[in-house]
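Each of the next two complexes has chain A plus one other chain: chain B in the first, chain C in the second.
This part shows the complex of A and B:
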């Protein structure tokens, strides 16, 4: 009993240390974003919204934010659509080379980002797309699709295989059954996937930096600012990016957890 | 309009193959209007395949399926009026009871008011008035069953297909739902095709029972016909507790045959439809509940001396398992209250016997 108590104490302590390790730099960044001092030093200066005012009034940053949002929305929709189609083809059909097909669909996250970024740049420039917003959208769609597919595939795997056939049996054509049964069943996963892939795209730096040209996204702008000097504006942008991403991820998680068991086959 | 001689459903030489596996061998089957037909057999016998073929969820590899005289081979599932009650029920989990029932009407383009009215009517008819707006996840097994039934029946089909719909229910609910189904079928006067592996369900409800095995129809008949006069060894083994004894015909008389077997000589009635000559091999069955057990050798025909091996007590009826001198296994079913008379614990020889009329000759050839 005592031994269990000791183990339990150390496990809890370990968890606390782990979270401090992960979140301390981010929290520090958030705190310094409200600090009036030019340099991140302790003791802190006074509370200030100066850096936030500066970034809001900076047209470059505003433009980057809009680009980032457009890219995140477009690529999350594209990735979720392609991910859904892939997951559905896996759920519904059995075919030769299904194993390699799935492995290929899940491959992009395993390719080193720099390699992916260079390849994208070379490939997209062949079509005269390099430097355009569309090129970032396409590149991020490639990166995000595997996540979308994995999330939706997990949800579809909980669907009673007779559910779709039951819809046909009641007079629904294949398209109606897709619209009325499969999509509504997968809806929580689709929403989660939209949020999660938007977050991935919003945070992504390497690929965006290579293919973006003049249409910079937020992470690209951050890097450009820090390259010059230590600028507290970065803390303010970082806080904004962090909050956006965390909100999306939390929404995704909550929706998915809530629906995890609902609708799963039960007796 | 409807020709009463013409069956509602006809299978003509229907074959279904999945790759190299033959799920249904050349099958002929007629199902009439207003009939309650049960397809019964062990798993993998082709009964569910037959049902899915009828619903258009599978396409026959060969042969013709007609429904109401119309060839159905190429009619898509959603263009048929063959609603199915699924083994898993397959209720749509993100809809409430009423929305589930409305689904078929919605797909047929009925407007929202009509849909709602009909759905509520059917749910009320099945005793679900309190649960109309309830999420299906909050319903009990029996209530979900009723939603599934209402959903299938709301489009007023001529035929209802049921695929082991009661298999997930508790025993007492099964009996209750059997009552609901029988009553519903009589009131509606439509055809029910009911797939099950449960003999009690099939025998309790069906007008006709189709016994299937190994992808083919083994016997079609009323519950009583199948129980008392199984056609072949498969049916005799699958249905009830039958003693199956094989031997050779030693002599044929006007109405009877004398059969020599490893456990003795027996007299059996000559079957109407099969011809046996001297020295022909023959197999007959005797239902365990038509066999009598005694401690003293009775002065009748068809007596076997044997030893008691074990007994199976299931309530009012007890099955005794015995073994003859040559190793033939025999079964006797007796009422529990009569069991004391023979004191089954004692290690003494028993005599089991049956009247000649109780022995039923089996067809050695399987169909097909």
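This part shows the complex of A and C:
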């Protein structure tokens, strides 16, 4: 009979190996971005900021960064708004076809991106919208809304239903109860949702690649560079993107966690 | 205070919150997908798409051997990735659910969410460099007097990419479902003299069945539809369905044919999803 401790040890060691595998490409990309070699190997070349200089002076990348930021901000606001409406409807009401209603809201992540990309391209072209920044915003909003909805729904489930009812009894209209009670209570989730959906949009490349035309976002630029050859600029851009996304994710996490324990009393 | 308090009355206030998602999804989610189906019956004449109802694209795609070999390859790779990922993830999820402290588990969960928000493209490119003939992996093998091995442009490369894509999500889902398993049940099995592996397969796995199957389903969906790994790490030979869609759309400009391929993928995924959900929720025979 093998001791439990030994099994435990091997399982934990395995866990560490798995985490190394998952994080290896991310860490490697950050390291490679400071490495002078075009074809990084072991031993590494010398420390260099060459790739960063190259991308900072590239007007195409600056333009793509601006497009990415515009798209991320617009679609995160739209997705969070629609996500809030849906989460609130689910929280507050029972109605016929609620099952299909929720399915409609939550299904987009189960459709492969490449299929969404083709469908979006064809549909938006039909209305002469493809190739515009707007088309990326519309598509990203669809992809981001389920996440927004899930985060806000999670927060609303912590809200005591009698809180709103109490406000009505005290003479508040439904609208002012929404403004004074529900929105403030959901605020941390709304901010988290804005950050997370912006991060999702900032990293999405398949749909953006199909519908963007000449208005490329950062991931689309990466995709096109990668198609060419081994170009370490990708690592430098990737490190930028990684830092941006991580900042957003950490802000979201901290805000959400901090307010997680504040229940209905303080809401 | 829950169900009874929810109102069934429909008024302006209720509609304001209920309608946005319906309108938006019909315009930009259901609309595009329905149009995709319609488009599969269109034809391309003189580089322009004509809206009509013809079966030309269907006949063309379904009669080609390259489509079917590509279909089988994609299906096989996705199935293999699902089995492999499930086996690779399970010990890790098991450790996270039962062998570490609650605090470690929380941190691990956070770190499993992180990769989801990092660029998959950059990670793939990173693997491309790491796995190259002169890359990090082969130079490590070199120190051991082995290799160099060709890892890129083979199914191994594709699998490495798939694992990077699915493992974090899979471990997350598995850990969540394993943590739900009643600890008393495991204790009881032990007390009744059930061995370690028997407990895992007869008690823990059946109790966590739904989560495990949903995790595997996501694995399948993600690797079935992914084009980045097969393209950059697998060298796009043989072609997967997603690469076929890209080629047909981008260089061939044959959107209706691409739509046919996309619909075949959707139908496959729908059947797989339906079967596995039914399987997941089926009452165990007693």
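Please note the rule applied: the second predicted complex is superposed on the first by the 258 of 267 C-alpha atoms of A that agree within 3 Å, B and C clash if a C-alpha of one lies under 4 Å from a C-alpha of the other, contacts with A are read in each partner's own complex, and residues count from 1 in each chain.
We adopt the following convention: a contact is a pair of C-beta atoms (placed from the backbone, for glycine too) under 8 Å apart; a residue touches a chain by one contact, two chains touch by 3 or more.
The structure presented is a predicted model; accordingly, all values stated were derived computationally and were not measured.
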Mind checking the superposed model to see whether chain B and chain C fit together on chain A or clash? fit
After lining up the shared chain so the two structures overlap, which partner does A:122 touch, if you call chain B first and chain C second: first, second, both or neither? second
Taking the superposition on A as described, I'd like to know which of chain B and chain C A:92 touches: first, second, both or neither. second
Name the contact category of A:184: first (chain B only), second (chain C only), both, or neither. first
Put simply, what angle do chain B and chain C open at chain A, by C-alpha centres, to the nearest 10°? 100
Please tell me which partner, chain B or chain C, touches more residues of chain A. C
First, second, both or neither for A:176, with chain B first and chain C second: first
Applying the touch criterion given at the start, work out whether A:108 contacts chain B, chain C, both or neither, answering first, second, both or neither. second
With the two structures laid over each other on chain A, which partner does A:165 touch: chain B (first), chain C (second), both, or neither? both
Quick one: classify A:48 as touching chain B (first), chain C (second), both or neither. neither
Minimum distance between Cα atoms of chain B and chain C in the superposition (Å): 9
Which positions of chain A sit in both the chain B and the chain C interface? 160, 162, 165, 174
Residue numbers on chain B that touch chain A, as the complex places them: 55, 57, 76-79, 82-84, 86-88, 90, 92-94, 103-104, 106-108, 137, 141, 151-152, 155, 168
Tell me, which parts of chain C touch chain A in their complex? 1-3, 5-8, 10, 13-14, 16-22, 24-25, 28-33, 35-36, 39, 88-89, 91-92, 94-96, 99-100, 108, 110-115, 117-130, 132, 134-136, 139-140, 163-164, 167-168, 171, 196, 221-222, 224-227, 232, 242, 245-246, 249, 255, 258-259, 262, 265-266, 269, 273
Using the touch definition up top, name the residues of chain A that touch chain C in the complex. 7-8, 11-12, 14-15, 18-19, 21-26, 28-29, 32, 39-42, 81-82, 85-86, 88-89, 92-95, 101, 104-105, 107-108, 110-116, 118-124, 126, 138-139, 141-142, 145, 149, 160-162, 165, 174-175, 196, 199-200, 203, 205-206, 210, 219, 222-223, 226, 230, 234-235, 237-238, 241-242, 245-246, 248-249, 253
Chain B-touching residues of chain A, taken from the complex the two chains share: 160, 162-163, 165-174, 176-177, 180-181, 184-185, 187, 262-267
